[in-house]
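Think of it as A, B, C and D in the order they're written, each chain with its own count starting at 1.
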């Protein structure tokens, strides 16, 4: 069964890679399997881990049922009305609930973690010293770079003031920082994408063909 | 089977090494090495078999800033918990009366000096005891413990709090920014002008549309792969309105391939309105906005094919983009199209910046849509957010100056810890 | 033998890039399928060489190590697996190395996932760690030494609810053992009973949500292993002390393996990673040389920022 | 009614989560837990909505014999097969003694995950490696100052994060300079830029959340400006 599985996996892998040569029926077939299997996978996992384990066992078959959870199940069922165009508008209720809950949670956590605490961690003595009180020049430079980068970056994202004079210069410096940031992201993203392919090649060459260890 | 043999052999070797090392460490009082991290020591030397001393000055109090049902216990380490390995950990137990019986509510590893009992009853008082213990394997090879003699402390009763005092400054700033957002929305609704600065990518729209007209080629507008519930898609559609108006004026074919049915409906509406507003409702065809597929890569591949076949002069990417961004931008670039992109997905921005002529970065996308639509909600929020940015910007500048010249500290105003 | 052939092939393939450069300057760029072939070779050939190049250990990885090495035996570590198979080449080696370290040092591992695939990836990591003779000798038991709580839907709301009670989100573990019957989870009510959190994350929900809720709201101590796509975005959290360390992408995984002395997949993949980067860099350089020598395409010339 | 009820639901849910951050006391802390449960359950149903919708859309394609309908049929077959495998495993496990889970090692569902699902998703995404390659050749140009800065930073990060540049200079200078440089770029300039973006986005999220809770923004319930 294990060997059979490896062959299946290898054939599916090659089927998808055939797209790199050109779009073809084999790729389309593997893509269709991909869409079907993923949707099925998610549905099964969400059914057993949530609907069964949490709701059914927690609220229906439990000795000490949590009746509040029926509220969630009702909202969930209302979501499914979207499948029927005539009553589909009811699905806006559970949607409204999710949107509201997310908005409420995000409003504070983003403000606190990504705005206030990031501001706080930029506020520090620029001159970095070690325990003995000697100045650490590289760290001091780094702190200064962060200070300048954050301030000018924020200036760039100011929309209600024209970018002229000192403000304009600051905004321009801000874009330089943004570009270096994007460059770093770019390099890292390339690294990630290559790793994905290395993983697949490792599977084909070692698990399937046994060319390498 | 092979593994089994190895395992047994190793087991023996490991035990020998462990007992030797633990004995050595205990005798020499050397600092306990993290490397030989044996939880259970194998000790046969009876001289060492004394219970560790209990932790000192145990503090028991209601856990602050919570919804009740929790008590916080902290202590100073047992004098034996000094890296000698004589303390394996601490046991925390509680009782409703000072004399017991005590039930264990948790444990802590050596070196730890606090514990939260999260299973209390707000209507009852509890006494707590923190004991240090030493765990070893006895002659029969079973785990055994030597436990310190500790006196119980308390009583304490857990209570829920009405306000989380750690978060007072967060609340203040949140209210200030929220108030300014609402204030500016109201102001914009009354018709007050709210200034939005120029945005390079948007200024280039005219030129880009003009170029397509000159060349007699199509314009593509790609609104991303998210549905209408994503603010980026909404911002993208607002920009589409502006592009459509220009396309209608110049009489250039604007094509909008979409990946979600809802987006298709909204985009059609918005384009029809734009064509009507410049007096050319007849020039709009529903076929200009068409659905391809919901699937991420399927959508990218389909646009790819269209771009290669039709070689549009100008392509706009405005909305939420993910990994498909680079496939789209690369293909558009390879046919020599002018490309203007805008997204708030930080990981995709590099690809747009490197492969497109103009890129609206993050918030610029929203600013552009506010700027073009002149909608009070959007304009007001943009201005309100700027107030927030101003607060944080000033805080950083003032804070750094104060800290660098050792004048004062305003960190507490912004640092939110649990 | 194979390694030598691969090395020779690499040199030959590398030299053909000069021809690509020549064609590109002449305005006859090669078609994209040719580029695909180069990318394929840049990974296949180095994998055949079976060499792990020397790698210096960077500060961020050391920070992770410094923080986990002070964990005392018996410490309860929550391991959040928030990724799916595509990210496994980057994150699985980190997870395996971490599991081996944790098991060898008697840390109690509590596994959970905000991604449905997470617990299954965790299971594989545990299986692989158990193959290590030293770990196998410990005869670790599920439920006592480690537990897999499984997956729960709700994304960041799961972390939020766990702040008051784990059991609410995980009434049973992944083997269907009721929460109260798991010896390891006895007296573990919420984050305040957890000594450390290790998060392996490839997107949302993941490290960002863990920092926002787990760290800033409930005060856990946490390090993260991230895919390289996500890593740059979480660096500000490192500087702010919200994260204690970051492992970024394949190179982060290789460094982590090295610092824990658990060399595994990432170390062997590193050479392929290097060659792949070299290929991408080479193509960017070729493209840009042609761009500047071969004359830029006529386009709008106004600068992007005014 | 069709508008008012959803807006009310939105505001109540939003307020509970926002207020309980500051007020842990009853009823906020408790409602937050109950609502948290609801979110997880609703999300599970939403996933099912997606799967059922996929069947519905594919079925329409098949019954009308639209272009590529055999592939739509394949989607339905593979989806139903996955569901069947999962449910058979799941219910067998629930009725067994001792119970086991639908995805325990050794079950068919776990086999499907390890050999089919993993192969498909991983390969699909790994194609991005090729697209990055061709994009680097055909699109990433130093066309202006911004793109130039981006590419230079990208070059040092790509070359420094793996021992590529360090190995090149190793014969003349045995010091991992580029590794440290990449580290420095990540720790300082990258952090600065990311932080500026982060603060901006945080304020954006905060303001749109505020508008949603106050009912000013109601596009999610099918309404426009108030």
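The working rule: a residue touches a chain if its C-beta (ideal position, glycine included) is under 8 Å from a C-beta of that chain, and two chains touch if they have at least 3 such contacts.
Note that the structure is a prediction, hence the values are computed from the model and not measured.
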item	value
Best-connected chain pair, where connection means C-beta pairs in contact	A-D
Chain at the geometric heart of the assembly (C-alpha centres)	A
Inter-chain centre distance, chain B versus chain D - centres from mean C-alpha coordinates, in Å	12
Cα-centroid distance, chain A relative to chain D, in whole angstrom	4
Cα-centroid distance, chain C relative to chain D, in whole angstrom	16
Junction residues of chain B, two or more chains touched	67, 167, 170, 174, 177, 198, 229, 297, 346-347, 350-351, 353-354, 357, 362-363, 388-389, 392, 416
Chain C: positions in contact with at least two other chains	36, 39-40, 43, 86, 88-89, 150, 152-154, 157, 160, 164-165, 169, 176, 215-217, 229, 231-233, 236, 239, 248-251, 273, 276-277, 280, 299, 304-306
Chain A residues counted as touching two or more neighbouring chains	19-20, 31, 35, 41-42, 45-46, 50, 54, 95, 99, 101, 105, 107-115, 117-122, 146-147, 150, 154, 157, 163, 175, 178-179, 181-186, 188-191, 194, 196-197, 199
Category of the chain touch graph - line, ring, star, complete, other	complete
Touching residues (chain side chain D, partner chain C) in the complex	21, 29, 32-33, 36-37, 39-41, 43-44, 47, 93-94, 99-101, 103-105, 110, 113-114, 117-118, 121-122, 124-126, 129-130, 132-134, 136-146, 151, 155, 158-159, 161-164, 166-167, 176, 179-180, 182-183, 186-187, 190-191, 194-195, 198
Residue numbers on chain B that touch chain C, as the complex places them	3, 6-7, 10-11, 14, 34, 37-39, 63, 67, 70, 88-89, 104-107, 109-112, 115-116, 118-119, 198, 200, 204, 207-208, 211, 336, 338, 346-347, 357-359, 416-418
For the chain C and chain B complex, residues of the former touching the latter	69-75, 104-106, 131, 133-134, 136-137, 139, 164-165, 187, 189-190, 192-193, 195, 215-219, 229-230, 233, 297, 299-300, 302, 304-306
Contact footprint of chain B on chain D as seen in their complex	21-26, 29-30, 124-125, 127-128, 131-132, 134-135, 138-141, 143, 146-147, 150-151, 154, 194, 197, 199-201, 203-204, 206-208, 210-211, 214, 216-217, 219-220, 225
Complex contacts: residues of chain B adjacent to chain A	167, 169-170, 173-174, 177, 194-198, 229, 295, 297-298, 301, 305, 346-347, 349-351, 353-354, 361-364, 367, 370, 382-383, 386, 388-390, 392-393, 395-397, 399-400, 403-404, 406, 410-411, 414-416
